[in-house]
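Structures given as structure tokens follow.
Look for subunit A in each of the two complexes below; its partner is subunit B in the first and subunit C in the second.
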Partner chain A sequence: MTVTRRKFIAGSLAGVGALGAGSAGLRYVSQAMAQPTRTEQTRYVNSSCNICVSACVFRGQVVNGVIKRLEPEPDFPKSRGMMCARGNAGAATPYDPNRVKSPMIRTGKRGEGKWRKASWDEAYRYIAEKTNRVVAEEGGHRSCIAFASTKGTFQEHYFHQFREVFGSPNAVRHPTLCLSAVIRGFQSVFGTYPAVDVRNSHYLILAGANLAEGIIPPATIDLFKRPIGSRKLIYLDPRFTKTAALADKWLPIKPGSDMAFALAMMNVIIGEGLHDQDFIDKHCVGFAELAEHVRQYTPEWAERETDISAGDIRQIAREFATTPSAVFYHGRRTTWQGDEVQTRRAIAMVNAIVGAFDRPGGLIPALEIPLAPYFYEPAWYTKFRPRLEQGDVTFMSPGDGAWIPWRDRALRSDPYAIRGLFIYKQNVLEMLPDRNKTLELFAKLDIIVCVDPFMSGTAWYSDVVLPESTYLERLDPAVALDEIEPVVIFRQPLIKPLYDTKPCFEIVSELAAYFKDEDGAPLSDYFEGSVESHTKAALADHPGSLDKLREKGFFSTDLKLKFGEYRSGKKTVRTKTGKVELYSEDFARRGLEPLPVYRRPADIGEGKFRFVVGRHAIHTHSSTAAFPDLNWHMKENAVWINPVSARKLGIKTGDTVLMKNRTGGEVKIKALLTEGIRPDCLYYANGFDSLSPDKPLVYGKGASQAAILESHFESISGSALLHETIVEIRRA
Partner chain B sequence: MNSNPVAIAGKLLNLAGCFVYPSAEMAEQLQLDLTDLENNHVRLFMSDRGGVKAPPYAGCYLDSEDRHRFMINFNGLCLRHGVVLGTSHPPDHIPAMLEALTLLSARADDSADLDIFILLDTYYHHWPTAFAAALDQHDRTGFYAALGAEIKETLVALRHDCLPQGHQSLQSPYALRA
Partner chain C sequence: MTENRKKRWVMVIDSRKCFDCKACDVACKRENGIEAKGNRDVYRNWITSRGIEGTFPNLKQRFEPSQCQQCANPPCVRVCPTRASHLDRDGLVQIDGRRCIVCGVCILSCPYDARFKSPQTKVIDKCTFCNHRIAVGKQPACVDTCPTKVRVFGDLNDPESEVSRLLARHHYFVLKPKSGTQPSLFYLS
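Up next is the complex of A and B:
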């Protein structure tokens, strides 16, 4: 039965239209005093961007209650008066008609796209009923429910507060898809993941750190606003990126051989006596062992491994060692291949042996303005099991987990079954390598809950979607950014939350009321205060700072970085020995190699290619490809293929090609012939072919990286290996 | 029709009321299955494969760059004339605009700077056809298609009736989405 136009006019309109109406028949508007002004009412609200982790502070211009644009806050030191195009495009996010507008409960099969709107109470009840049932079936073990999330919002810790008081150890966060191997490598040498004083450096080596196209830390601005000739930039990458275009030298290194390059640099520097003996004697341990170790790694040997000429390696090593403010940049780059932590250690050591630490232009531990920690009562459970992949990773971060081994174990229910997944803003279906495996895991789960402002691919495959207010509509607590110029920032709403959405703290503290701990107390008892009260408590030692935050969006103190404090002994390097560790006893004790030993990556085989990932200028991961302003610039991705390789395969630009990996992953995508990639590699950008039909701009457009990446990890840091995917390609 | 918005305020309010999320009572009145009605409401206005099929936001039917200006200007106009749009939706929310029209037109009689024809021509003229077409194409219950057609017809007739003698259509600042 359907409603005809005649029936509509004759009866439905009056009957249905008047249902539940208020006294004046108004539901959506109200009356007030007229505001007799002809001009627009403009106000500015300072807050911080949430499109990438750089969290640039902006001045939000709100005109007649509508966010018109986001302008850079000129005084915010970290972003050097800049706001990038991605950040600007974020201004439209609250008004996106495809936002999730209220809690939604799935009514069809997973992924079928049938939903009904639910009240918050209904959604919470639904989640609690299903979750409690599976926990009971698992003998009361709450570890059967896992919690995935990503960095970037300042409310993520509330989500994990919920996990902790709920009683599950299974957190899986983003670091093992990001920087965990880089951080672990540098920590093992310097005791910290240091900042880089790019502003004062006159010679930089970047190994795949595509600063010109990535998120925009201060280093990017400092690097590229410098006049040509005032610094030398050496860039190693299998692709000719925009950073390559701005570099003095682009070296299309063979993927997986960065360690060989670093070891050969040390061979030259030490062999020619160009190292900083004074710094090494006073601040390092293990130099003799390192010197002996790198004797085997000559530039001629490295040329065969890296495809970079011995002459270039020698010249770079000499220039690097003799330029007083040279630095080998540590990131910002995700993990590539097998020995990633050891590769990063080798890069850290290149810096150490020339004394590029605690001096202008070098590496320097960042500073952080201390804030009072957020505190909540822990919950105690008698039924406890360790996290799934506990034994798979040497340096396991319990709060982060390691996605790849964790998922493998969850698929095998080894050593126990995972029955539910709560997800906060992590688009696991679009970000995790091997999407088929993730879908297989989803199919095994009894309950999937997703908290997200948008219907991401992951939300689309969930059972319940709880809509979070966007970063432009909510108050986020104060956060201290550790930087060379440390600052505290927060977020405040530019407008009231649109639709029936809530901030994360409200969502998880309300949901907690539907669960009990082992003693029968509601989990909501563990949540106290509000985001505002937490912010005030965090700032207790900084009188007047909340007003500064409200006005400017940030504050700094007289905490300023001073070079030389480690060299003078005022501060101590945070390794076990208190020194920069060129040889790691700690690694040796754990059965790991105490010095980086190079192993040639396995041959990829005839007619095959290594798939490489990397940033591109227009989007941040998978999160922005569907922003209309950005999508306009790049509507679809295409696979980069070198013309020499393409010719052999009869592939032309614009051809649709089929790519297949070794584990059943395959994609169809258009080809783009370019000299800007090595003949043995293929690349395409992230963010496309979303699984969510609710993201029409990227649904069915191009190909997803998650669909072609194979699933590998390295066991020291647990990091996913994103350059271990070998593919075949042919015309489709 | 020969009417003005004040005369048909009740109808405009009822049209706005039809956008409320379906209830059992509503399904009963329409003699439709509640789940069907809910699924259609969700697909059309909230969330669907390929994007919502008929976003209930007027600016979505204009050139994408115009939507922002449209929202700013319409909200500004409402504020100047004492009409407060709810904050749960963007200012171009169609049911809110229908309700606002009843209040604004009532104020137009006393306000020299509020011309009802200019109001209709600027804010209620460019999107109804596209909105009605989207509903007609995608609604499976007939109810929302009829709603879209009725909104379009009502607004076209109003604009026609309010057209001053000898007056031509104005040059609107907003462009239709291609």
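Up next is the complex of A and C:
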């Protein structure tokens, strides 16, 4: 049972009355109990969560004008009527005493924490003066101002509308720190990053996809809610996560060898004739080349690469190929190591050769309810330069950029100088690997503007902080979620803004009035309407849907997924050949390997460790560790180390240790000895040691991932490679 | 279901579906206005685990969610000198804060360690099965919010209820049966 409470009881309870505040307590209670009954007014407002990107719809309970609860909306298909710990804790966010309550302009040095409150007009004027001066110094080239942002709010596109009409190509968004590699890998094979029909699958392989802690509705729920024994779950991860705890088989794979596992599975499946010849003949190209290619990758070979026995690989391959609804889950964050895109291609191919596509329990392109697109006039500039890292990545997503090579070029001013950074919600300093490099970049910049409801570490190092209203105080436009059960959601305010804050659209459209385009027209001319009018326009083809949104927080249509439409030819796979591509002519033309070729990761060296990152169910990246309800469960992070390794270094649980990477990054953190990690790996949770004293619960507590991660990337998708971080550890 | 029939509210818990996400704890705290303010002793429900058991790579871990067992034979009610702890109309153990003198004997008497002193009300506090929600036809917050619906809540006196059906079909156990408390939390085995 709960040890702390027992200790507390045993230690402090001497006899009757020892705990008691007696009459004082009684008075307090009688007042508290007398109050609510008469005046209590409860209303419910449905809206959608913004604590992670999943955007689960909730029933917001507002009592006497104060948000009390965010209850799950039982009818919302995506989250299957659940609300996670983070979603529940979100109810307190508007009332966080450390919110940014008005625009702030820095008065001291960057990071010193000296601010003055400013009016919006003052803040806009300050930003415009500095920015316009810098642009003039750069000969009118607006590309010198960059725009960083992250998904999760439904107003991010307004921020990038500002960037576009302002005239900068330099957008740096989150995908290359998250799932750009898996998207690229699966697109090259299936023409899309498909959904996975977890609910109907009876055999699932998850490679590092920690669905119990990186909660992704509905996949997480569909995987774990069902009756025990109704599915088999094979889970590969260097760590014994909570997904491992619920898996049928946990295999602590050697980091960076997932491709070897996938290739050996294909070696067995094809070698033993267990592949789906009919599906391959009708829907795939390049099978002969693939079959020839994987002949070299035997399970015995893979055992040496992966630390998974040849027997296990054979058994899993056979079971996978002979279970009609088996699927190898594609994963989400895939910023691991090595040839990450090729690894994802190999996993996609394992699915393809058994026909785990367009069938129940397999991969299936998601559906999206069509909304009328949001239009605005483009601005035209004669002075134009391509984005900084244009040539560094084969498949560059122009709206996303690639953070790691972009930052390297910005540091070198190669091929041109970046002078300013506008940031929307992304906690650049605490999410990007190698915090020292990001701080170095910040030091070079003339103007840093941060739009955020909270004083994140990034906001703390900015020049101007523009406080956005929280997701419970604002209207966000309708958004269509592409899913197996597609829905449209939006956000509506539960309460009026508590402070002098604004939604992103207001902020950027007002700021635009302080800037002009090349022809001298104010940029505000490019912004029209309001979030409400945009929402109405988006829903034009769905009469009555706005009322449904206001009432339920979501709506769906008669758009329903049907299996078999790709197999019957009614729909076509969106690759160049219109087929599932096992051999990629497109890759070959671009000078990339048309089939995944395995390369063994470099030896990490004696006495060194690979640092791996991963999620925890109570954390969304760096943003929630300071929420009081969540912080209660983890007040400080600690580095996981296997006891065998720890013994050699004389490290015990609770010891403060010093970790150093190869590029000057170092952290001090407490050690946690656990059997649940490979002896060659280390791990700690995200969100701690914030740079911002305005996040007191995590300021100076534990260690930041950004401080220890080295900065590496792969050039096909531009994805960061976080697990290429090699560290030393010793007692501090 | 007739309104007058006596209810027997119970929870049937399938621990094997629990992945320790803490949604039940946070939902409970928000629902019931419990501000722990960092105090580790303040919680109405919890998930226990012996941690990761075994030696790498042969490991296992189990999670066991729990809370006040809503005993049919509750020691806390027997020992309470002021009848602050009492059985309500539905047979649920509740605390009348106005009567509580915070003697703490109930905390000692509870074999499940379900009770604590609330920093807000300054009296003894514990899980109520969200009786304010039951009264309006809702499920307790911990039941409702759970991603995998580990807890199933219902009336055991109703043979058609999900809880009755689950207990009819599955093996189950209760915690500390020897203490004679007759808990209302049933764990599927």
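FYI, the second predicted complex is superposed on the first by the 694 of 732 C-alpha atoms of A that agree within 3 Å, B and C clash if a C-alpha of one lies under 4 Å from a C-alpha of the other, contacts with A are read in each partner's own complex, and residues count from 1 in each chain.
As a convention for this text, a residue touches a chain if its C-beta (ideal position, glycine included) is under 8 Å from a C-beta of that chain, and two chains touch if they have at least 3 such contacts.
Owing to the predicted nature of the structure, the values given are computational and were not obtained by experimental measurement.
Contacts of A:298 after superposition: neither subunit B nor subunit C is touched.
Touch criterion met: A:699 reaches subunit B, while subunit C stays clear of it. Of the two partner chains placed by superposition, subunit B and subunit C are both touched by A:628. By the touch criterion defined above, A:68 lies against subunit B and subunit C together after alignment on the C-alpha atoms of chain A.
When the two structures are aligned on the shared chain, A:221 is found in touch with subunit C, with no touch to subunit B. When both complexes are overlaid on chain A, the residue A:496 reaches subunit B alone and has no touch with subunit C. In the superposed model, A:678 lies in contact with subunit C only, and not with subunit B. Looking at subunit A, you'll find residues 1-2, 4-5, 8-9, 13, 16-21, 25-26, 28-30, 32-33, 68, 92, 628 touch subunit B in one structure and subunit C in the other. Contacts from subunit C toward subunit A in the complex involve residues 14, 16-17, 19-23, 25-27, 29-31, 33, 35-38, 40-41, 43, 46, 48, 51-52, 54-57, 59-63, 81, 97-98, 100-105, 107-108, 112-113, 116-117, 120-124, 141, 144-149. Those residues of subunit A whose C-beta lies close enough to touch subunit B in the complex are 1-5, 7-9, 11-21, 25-38, 40-41, 63-66, 68, 92, 94-95, 97-98, 100-102, 104, 107, 113-117, 455, 495-496, 498-500, 628, 693-696, 699.
Those residues of subunit B lying in contact with subunit A across their complex are 9-11, 13-18, 20-21, 23, 25-26, 29-32, 35, 38-39, 41-42, 46-52, 55, 57, 59-60, 64, 67-68, 71-73, 75-76, 78-91, 93, 95-96, 99-100, 103, 107, 113, 140-143, 145-147, 149-150. On the side of subunit A, the complex with subunit C involves touching residues 1-2, 4-6, 8-9, 13, 16-22, 24-26, 28-30, 32-33, 68-72, 80-89, 91-92, 212-213, 215, 217, 220-221, 224-225, 228, 240, 242-246, 250-252, 617-618, 628-633, 635, 642, 644, 674-679.
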